[in-house]
Structure formats: structure tokens, C-alpha cells
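Below you'll find a set of structures to go through.
One chain, subunit A, appears in both complexes that follow, with subunit B as partner in the first and subunit C in the second.
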Partner chain A sequence: MLEMTMFFLFAFLSVAAGVAILLSTNIVRMAFWLITMLVAVAGLYFLMGAYFLGVIQILVYVGGVAVLLVFGVMLTSRRLAPTLRPGRGEAVWLTLVGAVLLVGLVLSTLQAHWQQQVAPAANSAADIGRSLLGDFLGPFELASVLLLVAMLGAAYLARPKTPTQGLPHTKGTTP
Partner chain B sequence: MYTYERPKVEYKGLSLTIVRLATKWGGIGIPLALRFAWGIFLAAIVIVVAFVWVVGRFINPLLPWFIRDLVIVVGMLGFLSVVAIIGIWAERKVSGRIQSRLGPMRSGAWHGWAQSLADGLKFVQKEDVIPSAADQPLFRLAPYVTLVPAFCAYLALPFGVGWVFRDGDVSLLFVLAMLALEVLGVIMAGWASNSKWSLYGAMREACQLVSYEIPMGLSLLAAVLAVGSLSLTQLGQAQAGGWFSWLIFQNPFVFLAFFTYYIASLASCKRAPFDLPEGESELVAGFHTEYSGFRFVMFFFAEYAGMFAVSALATIIFLGGWHSPVGGPSSPLWFVLKSTFLVWTQMWVRWTLPRIRIDQVMHACVKYLLPLTLLLFVGSSWWQLMDSPFHPVFAGFANVLHYGLGVVGLLLVGLYFAEVGYGYYNRNRLVGPMVRRHLPGA
Partner chain C sequence: MMMGVTPYLILSAILLVLGLVIVISKRNAIAMLIGVEFILNAATLNLVAFSRHGIGALSGQTAALFVIVLAAAEAVVALAIFLNFYHTIATVDIDQGDQLKG
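So, the complex of A and B:
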């Protein structure tokens, strides 16, 4: 009973926050709604007993990614609160893509043969670590290479556009 | 001869009146309560137990557990408030003494002990100002988003064996996650205030926190490797047996990791020399410039709760947790004592070091602290591989080094106490007493 209540609380919160992301026009508000959704999903993980996953969700997504997102938004926007509204052409495309995605998700959920049995949960950090460095070593390494490429790309994009000699804050920007 | 007469000052204002009345009636009430303390305590226990038994027997079998949790949560809130109140008073006394002043002396009878209470009363009476240009809902929400995670971190912190609200496999990560959530409230406050000072503070906080989280986690992991568990209770229990079994002296990498963790935790608590988000001399008050009254107090409470939480983490993981250094019985008192010492060190550092610039903060993290902690992490895992019966020579060397590090730690503590003694012995050579001695009427 209590579990059910908590499930519906978290599920409602995540869905409502997801809808709120779509409906709000202020980009920083959107970011905070996104954070609400991520925390609610972490609550669902806790409810399922996957404590490690829930904690990592908060630590990485909320504490790292979302904070960086808000930081980036605040740093790049000229005014403090730019409003975002899609144009008419954009709206048509977005509706189409969204509809296809929704239909696909609903169909795959209905078609799937759900197994009504308790899966052996990889709850502890040790289990997850063993499978990451054992069965799933290949995908794990590929993901780390992908992240490295993304980091190099970000550093390339963020490099100073004018050639400088030495560090900019020590020698100035004269070539 | 001229005699100096101390001018009579009339204090006015509701808060001071209340504090004065409280100290006056407390002077009668507290000794009375203390005289019958054991009786009151036992009667309270009997009443609570009887109530819980009745509820569990006749109304709902799950309710006693709920009541137990409720009592613990309320007690934890009380502990947090006491930490914040004593912390704020201690910070002012420490800053005063380090700057050769007296600090607060008037509120309450003894060394201004009621200063925080008087401040709290004053803040409650203040008008709750919300700027008209502010983002109202986020502005109202931000103090709660800052304080609640700081409180949640305490739910997984063990104060001793069995002295923990919820013990889990991943309680270390849970505490770290809650401390990371706290950033969000600060950013929210800075952005919603719609003031440039607040926004600067929030942006500094965001980049500082996200950078320093990584060295903080990695230096903790360097110690966790030696035990192989993320549960704070197990980490603490692994260090039973006195000074030399503390994790900090386990190997040189963990020894260095304690210091990198301490630096990173200073940054994560926005403490000097990393208090740029607040930056009183440049940003008015940083992210909480626009806050007044009780909302401002909540930011302060969150800061002091965070300070104690990171010190508690350092205590549990590096400094033997609730175990005594001489191998006696373990007790939550040891835990609180060690954490308080680390909090005092934070204050000491704050009033000793100047604030560094934001680019220096980022350089210190990305260029020095981050590579160093990565090195410590790799080194610590290498040490775990080598320090085994398969490498007897290395194991012997490691054992010698382990005791050597313990002796180094003893020397450091001895040096600290020697310096404290020297300072106390020569206290009259400080500027403050020297000036005071020449005042008329001294």
C-alpha cells in the first residue's frame, strides 16, 4: 500500500515535470523542471531497491550534468531569461517526430512479452563493477572512448580563436 | 586621578529583551530541570514506551516504527540546529580571537553564548523581502532546496555502531549525492534573485562545485579501496583498534588523499579560501544578497550543516570514525569530537588564508588537484595489489611505512598541541591584551 502510494507519487512527479519541461518557455525553468524529473526517477530507482543506481543518478545527473546545463544556459544566454517558442515549421516537424516516437514506444511496450519473475538484481556496487569490467568490458571501453572524443571536441570548440603565445592571463594576446 | 567609568548602555529591541528574559528565567529553570533531570528523562522514556506499546498493540503494528523514525528525525533536526547555532557562535569567537578581538561578549552571561539565538530571533522578526524583479517561485524554493539535502546527508551518517538512521550499502555515495544536491539551491537562489551579484555568485558556485566534486570523490575512493566497501558503517568498523589502524596511515597515497579531500571539501562547502560564491568584499553577499530574514538563516544553517557533514565524512573514512585513538571503547562522542576538530580547522583556515581568485581556483583544481588525486587513486589501487602475502618484501616495507606514517601523524598532533601551549603561555604578548592593558581603567 505504502509502496504503491510512493510509486504513484514519484511516477506522477516525473511525468508532470516532463510535461512542465515542454510547456515552460523559460529555459532556466526548463532546466529546473528537468532536475525535478531526474530526482523523481531516482526516487523510483530507490523504490525498486536499486540504491546504487538511484544514488548515481542523483550524483551524476543532478549534481553534475544538470548543474553544468544550468551553468551553460546562464553563461550563454544574453538576457537572463530568454523565452523559447518553436516556429510553425518546427512545430509540424516536432509533432511528427514526437508522434512516431510515442507510437513506437507504446507499441513496443504492448508487444513485449514481460516476464513475471524477479530478475537477479545487480544491487551492490561490487556486482555492477564486476559486470562492467567482465561481461560488458567492450561496451564500457567504447563508452569511455566516446566520452574522450566528446571531451576533445569540447576542448577544440572552446579553444581561443586568436593564436596566443603562452597563457592569455600571463602574457596577453599579442602574437 | 582620572578614573574610567564604563558608560551605561541601554539595550533596546524585542530580541534582546527576549534573550535577557530567557537567560534570567533559564537561570532558575535550567538548574531546577537539571536537579530532576533523571526523573524527567525516565518519565519521558516510560511515557513514550507505553504510548508506542499501546499504538503497536491496538491500533497499527507498523506505527511504532513510524513513530521511532519520526522521533529520530526530529532529534536529528535538533542536532543540526545545535551544530549550526554553536558553529555560528564559534565562528565569530574564533575569528575574534584570531584577529585579537574578543568577539561577541554581551548576549547571554558567558562569552556571548546566546549571540546566535539573539540573531535568530532578530532574523525571525525581519521583513521577508522578495525583489519585484525576482523569479518568485524559484526564489521562495531555493532556501529549502539548499537546507533539505544538507539535512538528508545526516540520515545516512553513522555516529557509531547502530547510531545511524538508515544504514545502506552505498551510504557514502548517498551522502556525497546529497551534498552535491545542495549546489542546486545555491544556483537557484542566485539566478532567481535577478541581481548581478547573486548571478556571479551562483556561476562561481556552479563551476567551482562541479570541478571540486571530482577530486573529492576520487580521494575518498583512494581510501575506500583499502576496505572495499561503500558502507560508512563498515568503513568505520574496519578501523577499530587505535591510532595505527586508522585508514589515513594505511599507505602514503591515502595519507595524501586525506589532505586533497580536505582541500576539496573546503571548496565544496564554499569555505575560505574558496568562498568566492559569497565573496563579501566583491559581491556584497554573493548568491544570498537579496535574501533577508529566515530565508537567509536557512542558507547559513545549510552551510554549517554541510561543514559538519564533510568533516564527519573525513572522520569516518580517514580518522577512525567512532574509535578512540588509544584503543579504548568506541563511542559516538569520539566521532563528534573528531568532527568538531575538523570544523574548527575549517574556521582556522578561513581566518588565516586570503581568498583566491576564481581563475586560481579553477587552475588549482584542474591543473594540480585533479591529476594528483588521479595519481593517488591509481597508486592506492597498485598498493592494494602489491601489499599481499605474495610479495613478502613489499609487505614488510609497507608495514614499516604504515607505522612510520602513524608516527608522522603523532608528530603533527604533538606539534599542534605544542603550538597551542606556546600560544597560551605567551598570550599576553598578543596585540589585543597589550592594548587592553594600557586602556584607562584596566
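So, the complex of A and C:
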């Protein structure tokens, strides 16, 4: 009963956050609602007994990705995109496409006969670590390479332009 | 009473559709990135729910960990690209980036 209540609380929070982002036109409020959704999903992880994953979700997503997004907003929102809201025709199409996809997904979920047993609670951080360095060793190493490449790529893409390129340009424009 | 895997799958479907609609409808590049985070979280929720209900044992949680890592890397690179976009076109309105349009 308690599990049910908590599930509906977190589910309502995450869905409400999504709807609020859809209706919102303010990018900073969207970032706030994103954080709400991420915390609610972390709560669902805790509810499912995936404690390590819940903590990682809060650490990496709320502490890293969401803060990064807010930084991105602040670096780029001096002149905001004029209209964040779609037109009326677009909204009708979006609702239609979304509703069809949602109904299809929910129907197929309800049709399937899922295994309804609860796994033994062998999901501590130590077990996940053994799984990472056992069955998932290849993906684990690939992920480390990916993180290195992403860091280098982001640093290269976001670097300030070289001063030798900018100097003659500024000299030419200023009288 | 124990809840089955179905409520989590339905919630995940709702989050996926919400994320997709956000990605399609928003014209701000960073708002699109928020929609992508929704989609990734829906996928992760599925993985953890299956892991909880005895399908694939702990593999689901480990795979969810990889999804979180990929999402972080994706957000970093995408934001760097958007910063470049902003420096080039002076806006993050993706409709303005149509120089390659034939």
C-alpha cells in the first residue's frame, strides 16, 4: 500500500514536470522542472530497491547534467528564441502523434504477459561493481574511452577562438 | 502487495512520449536537450524495472548505469555544439540554423 502511494506520488511528479515543460515558455523554469523529474525518477529507483542507481542519478544528473544545462542557458540566453510555443496547427499534430504513440505503447505493454516475480535483493553497490568488472568489462572500458573523447571534444568545441584570427578582424572593423 | 512491472512500463511510456513531444515542439536547442533527457530517463526506468522483476537479474541496473554515463557525455558535447551555434548565429533558435537548406 505504501509502495503504491509512493509510486503514484513520484509518477505524478515526473509526468507533471513533463507537462509543465511542454507548457512553459521560460527556459530556466524548464530546467527547474527537469530537476523535479530527475529527482522523482531517482525516488522510483529507491522504491525499486536500486539504491546505488538512485544515488548516482541524483549525483550525475541533478548535480552534473542539470547544472550544466543551467550554465548553457545562462551562456546562450542573452537573446532568447522569440517563440518557444508551437503554432496552433503544430500543436494539433503534436497532440495527435503523441496520443497515437502513447496508446500504442500502453496497449502493447498491457498485452504482454510479463514475468511477475520480484528478484532477490542482490543489488548492492558491490554486486553492481562485480557486474561492471565481470560481464560488462568491455562496455565499461568503452565508456571510459567515450568519456575521455567527449571531454576532449567538448573542450575543443567550446574553446575561445584563437587571438591571431580575431586580431586583424577587430583591427579592420574599428576605425 | 507487490506491484508488477506494468505500472513502471506505462509511466516509462508516458515519459517517452512527453520527451518526444518536447523535442519536436521546442525551438530552443537547450529545451530540446531537456526532452532528450526525458527520453533517456524513460529508457533507464524500463531497464531498472525489468531488473527488479527478475528479468536479466542485475544486468538492467548495470545497463542503466551506462545510459547515465552516455547521457552525461551527450549533454556535454551537445552543449558545446550549441555554444558554437550561438557564437555563429547569435541565437539558440534551431530554426535559424538553415544555411544548409537547399
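Just so we're on the same page, the second predicted complex is superposed on the first by the 126 of 175 C-alpha atoms of A that agree within 3 Å, B and C clash if a C-alpha of one lies under 4 Å from a C-alpha of the other, contacts with A are read in each partner's own complex, and residues count from 1 in each chain.
Following the convention adopted for this analysis, a residue touches a chain if its C-beta (ideal position, glycine included) is under 8 Å from a C-beta of that chain, and two chains touch if they have at least 3 such contacts.
All of these numbers come straight from a predicted model, not from anything done at the bench.
J.: Does subunit B (first) or subunit C (second) touch A:Leu133, or do both, or does neither?
T.: Once the two structures are laid over each other on A, A:Leu133 reaches no partner at all.
J.: Determine, under the contact definition given at the top, whether A:Val145 touches first (subunit B), second (subunit C), both, or neither.
T.: Neither partner.
J.: Considering only the touch criterion stated at the top, classify A:Gly63 as touching first (subunit B), second (subunit C), both, or neither.
T.: first
J.: When the two structures are overlaid on chain A, which partner does A:Ser14 contact: first (subunit B), second (subunit C), both, or neither?
T.: After superposing on A, A:Ser14 lies in contact with subunit C but is clear of subunit B.
J.: Classify the contacts of A:Leu23 with the two partner chains as first (subunit B alone), second (subunit C alone), both, or neither.
T.: In the superposition, A:Leu23 touches no partner, neither subunit B nor subunit C.
J.: For A:Leu96, decide between first (touching subunit B), second (touching subunit C), both and neither.
T.: neither
J.: Please tell me which partner, subunit B or subunit C, touches more residues of subunit A.
T.: Result: the larger residue contact count on subunit A belongs to C.
J.: Shared contact residues on subunit A for subunit B and subunit C?
T.: Touching subunit B in the first complex and subunit C in the second, residues 52, 56, 64, 68, 71, 75, 80-81, 123 of subunit A appear in both lists.
J.: Which residues of subunit A touch subunit C in their complex?
T.: Residues 1, 3-4, 7, 11, 14-15, 18-19, 21-22, 27, 30-31, 34, 37-38, 41, 44-45, 48-50, 52-53, 56-57, 60-61, 64-65, 68-69, 71-73, 75-77, 79-84, 86, 90-91, 94, 97-98, 101-102, 105-106, 109-110, 114-119, 122-123, 127-128, 131-132, 135-136, 139, 143, 146-147, 150-151, 153-155, 157-158, 161.
J.: For subunit A, which residues are in contact with subunit B within the complex?
T.: Contact set of subunit A toward subunit B: 28-29, 32, 35, 39, 51-52, 55-56, 58-59, 62-64, 66-68, 70-71, 74-75, 80-81, 123-125, 169.
J.: How about subunit B: which of its residues touch subunit A in the complex?
T.: 135, 138, 168-170, 173-174, 176-178, 180-181, 183-184, 187-188, 191, 194, 199, 202-203, 206-207, 209-210, 213, 230, 359
J.: Across the complex, what residues on subunit C touch subunit A?
T.: Interface residues on the subunit C side: 1-11, 13-22, 24-31, 33-35, 37-38, 41, 44-45, 48-49, 51-55, 57-59, 61-66, 68-77, 79-84, 86-87, 90-93.
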